[in-house]
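In the part that follows, the structures are each spelled out as structure tokens.
What follows is a pair of complexes built around chain A, which joins chain B in one and chain C in the other.
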Partner chain A sequence: MTDYALEVTGLCKSYRGFALRDVSFRLPRGYIMGLIGPNGAGKTTVIKLIMNLVRRHSGEVKVFGLDNRAAGREIRSRIGFVYDFPCFHEDASLDDHRRVIAPFYPRWSEEAFERLLREFELPRDKKFKALSHGMQTKFALVLALSHDADLLVLDEPTAGLDPVFRRELLQRLSALLQDEGKSVLFSTHITTDLERVADFVTFIRNGEIAFSLPKDHLLETWGIVRGDERAVAALDGETRKGLRRSPYGVEVLTSNVDEARRRSGPGVVVDRPSLEDIMVLMTGEGNRAR
Partner chain B sequence: MLGNLIRLDLLLGRRVLALNGFLFTFWFAFFLWMGGPDVSVGGYIVLTSVMSVFLPVTVIVREGKFNAAALTCSLPVSRREIVRARYGLSIGLGSCLMVVAITVGLLCPWSHLAVAKLVAPKALLLALSMIVLEVALLLPFLFRFGWIGIIVLLIVLQLLGIVALTLTRLLGHGTAFGLGIKALANALRSLYANLGDPIFVAVWAAVLVLVTFASCALSTWLYGRRRV
Partner chain C sequence: MKILIANSSPDPIYEQIARQVKSQIISGDLPEGTSLPSIRRLAQELQISVITTKRAYEELEKEGFIDSVGGKGTFVAAQNADFLREKRMKVVEERLAQAVDEARTLGIGCDQLSEMLRLLCGEES
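Let's look at the complex of A and B:
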């Protein structure tokens, strides 16, 4: 039986002008899942619902098999969380934050905190408001990584970070999984980050899950077919996941690249898609009903 | 966990706490100087208790200023615990500042307050009662609406005061507002007078505990539904 770090089932939440409908996905223990989607698709709402920062209308969220409402305190002690905006007291120093946050976590490691501060070049006596946006994100990561969390929930952790540190962070996340069997859920717009480290990709669009699949399966079986309207007309079926028209022809995203090769007419080009291609094509025109 | 939560608010808000504590202490002394011999012990306690309760409020509202509610709520604590800790913090800090207010009343050279009356159990019980009642009134607004809730509440109370004074001036003391204010003043006087009676004190203490529990339950319900 698969051991899941996170199970989200039939999650619903509605605000004025936005609704999250029937969101379901599962993250096996020891893996990294990337949550992608356009702005306003509902990524942050899903993460807030997992952290129980907002109340769900229906559905279920289980973390390590425990309901996130009933066992909220126990679950949160095992989660390292990075919010999508800085939520620290701006006139308090980094060390002040450590002094008040550390006592809440039974597995807090002073040694890990000190080491990460040094590695991320963060001055412990500096006030939070004196840090740049990138440094503020780094500090949030230091706190999330200092209490031996079993699940990291990171909302846009790489936004505002320079490419060198971004890559370093992703390597650190991968190493964390290899060494200790932890799990990571992170939302991002930067899909190249996911291509480097994610095992699973969940795509959310207009408050609904478009797919939640292993990344390798996605990159191996999905494809982009480029050609004129007539040549790609035969690809109008269940496997067609997205379409984009441009002055140079039509691009069709398919979830079965082999079938697409057989069915499409002459003069088409079939490519492997990147995650960015998938996101762009699935968010573009003609994809509302799919 | 409650201790850790109180420590979090105190440590992260210690600068504003020190600054406002100093300002409020200065205000107590200023009030005694301005009022001179007209300041009664009961009046001094009621007014300083209002200021005292605003000290913890100034610490708690900082969470809204920095969007730090998400930090507190993502810690391994329940919202019920957060609410309870803040009731404890408010009553504790408010009581500490009341002690400062009474000390100012005792030591200030221009104070005309009778020492024996100011440190009498009756006066101390009135101070504690006022702190508990004011905390029970303010915190549900704070938990539901943040610092905006407190500002709106203060504006509404100010407007009610202006309306009441205007109506009393225009229509005499027989209006509902005039009678309401008289009834409130009489209730406070009667409370102060009866606080010497042990049976009344016991019943009153039970009322205060009930009011605090009811307010705390309401705040928990409101805070549980708040988006952070």
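Let's look at the complex of A and C:
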């Protein structure tokens, strides 16, 4: 039986002008999942619901097999998070934050905290508001990594970071996964961050899960077929996941590249999609009605 | 063990890994009993996903190139040299058969194909 770090089932939530509908996905323990989707698709809302920071209308969230409402306290102490929304005191120093935050975590490590501050070159007596945006994100990461968390929940952690640090962050995540008991949920719209290290990719679009799949499966079985209107006409139905027309031809995203190769007419070219291609083709025009 | 991953390659990463490990076992660069990094270690070092390295190792194990010993790690399995060579020959044959098929659909005849092959082998025609 697979052991899940996170199980989200049938989650619904609506705000004015936005609804999250029947969101379900599972993250097996020991792996990294990327949560991708355009801005406003509902990534942050899903994360807030996982952390039980907002009320849901229906659905269930289990973290480490425990209900996140019944066992909220235990769960939160075992999660390291980086939010995309502010949750720090502007006028407090980094060390003040530590003093307030550390007691919430039974497995807080002073040593890890010190080491990470040093490695990320963050001065502990500095006020939070004196840090640049990138440094603020780094500090949030330091806190998330200082208490031996079993699950890291990162909401757009790479936004505002330079490529060098983004790469370093990814390295830290895979270092963390040397322990099979650790898992990571990582939301981002910078899909290249996930292209390599993510084990699973969950794509959320207009408040619904478009897919939640192992990344390798996705990148091996999906494809982009480009050709003229007639050549790609037969590529419709279930496996057609996106379509884009240009004055020079049509681009079809398919979830079964072998079948698409057989069914398309002459003169088409077939490409491997990147996660970005998938995201763009599944959100672009021509898919709204679906 | 040397592994070079080409992101631009049409071959999936797990296949690239499996193929490179295989050819190092066949060439003797990785002799019998050599200990391989764990699935998670390899994923970290190559900065790729754990599922990918797991699949590469599963593939290698299925084909009898490596053994995983529970709790101890993964090791290069004992290999029979003739058997290995035969296996590799088979790979070459399969690839050639693919090329022949592809050529047929383009209407390229046997002569033209052998010509191409000679050129690729570096022989002047």
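The criterion applied here is as follows: the second predicted complex is superposed on the first by the 285 of 290 C-alpha atoms of A that agree within 3 Å, B and C clash if a C-alpha of one lies under 4 Å from a C-alpha of the other, contacts with A are read in each partner's own complex, and residues count from 1 in each chain.
We take it that a contact is a pair of C-beta atoms (placed from the backbone, for glycine too) under 8 Å apart; a residue touches a chain by one contact, two chains touch by 3 or more.
As the structure is a prediction and not an experimental result, all values here were calculated from the model.
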When chain B and chain C are modelled together on chain A, clash or fit: fit
Partner chain(s) touched by A:D91 [first = chain B, second = chain C, both, neither]: first
Superposition-derived angle with apex at the Cα centre of chain A and sides reaching chain B and chain C, degrees in steps of 10: 160
Chain B versus chain C as contact partner of A:M51, first or second or both or neither: first
Of chain C and chain B, partner touching more chain A residues: B
Chain B versus chain C as contact partner of A:F104, first or second or both or neither: first
Which of chain B and chain C A:Y83 touches, first, second, both or neither: first
Which of chain B and chain C A:V197 touches, first, second, both or neither: second
Partner chain(s) touched by A:G30 [first = chain B, second = chain C, both, neither]: second
Shortest span in Å between Cα atoms of chain B and of chain C, once chain A is used as the common reference: 29
Touching residues (chain side chain C, partner chain A) in the complex: 10, 12-14, 40-41, 43-44, 47-52, 55
In the complex, chain B residues that touch chain A: 1, 4, 7-8, 11-13, 15, 62, 66-71, 73-78, 224-225, 227-228
Chain C partner contacts - residues on chain A that touch it in the complex: 30-32, 170-171, 174-175, 177-178, 180, 196-200, 214-216, 219-220, 272
Residue numbers on chain A that touch chain B, as the complex places them: 48, 51-55, 72-77, 79, 81, 83, 85-92, 96-97, 99-101, 103-105
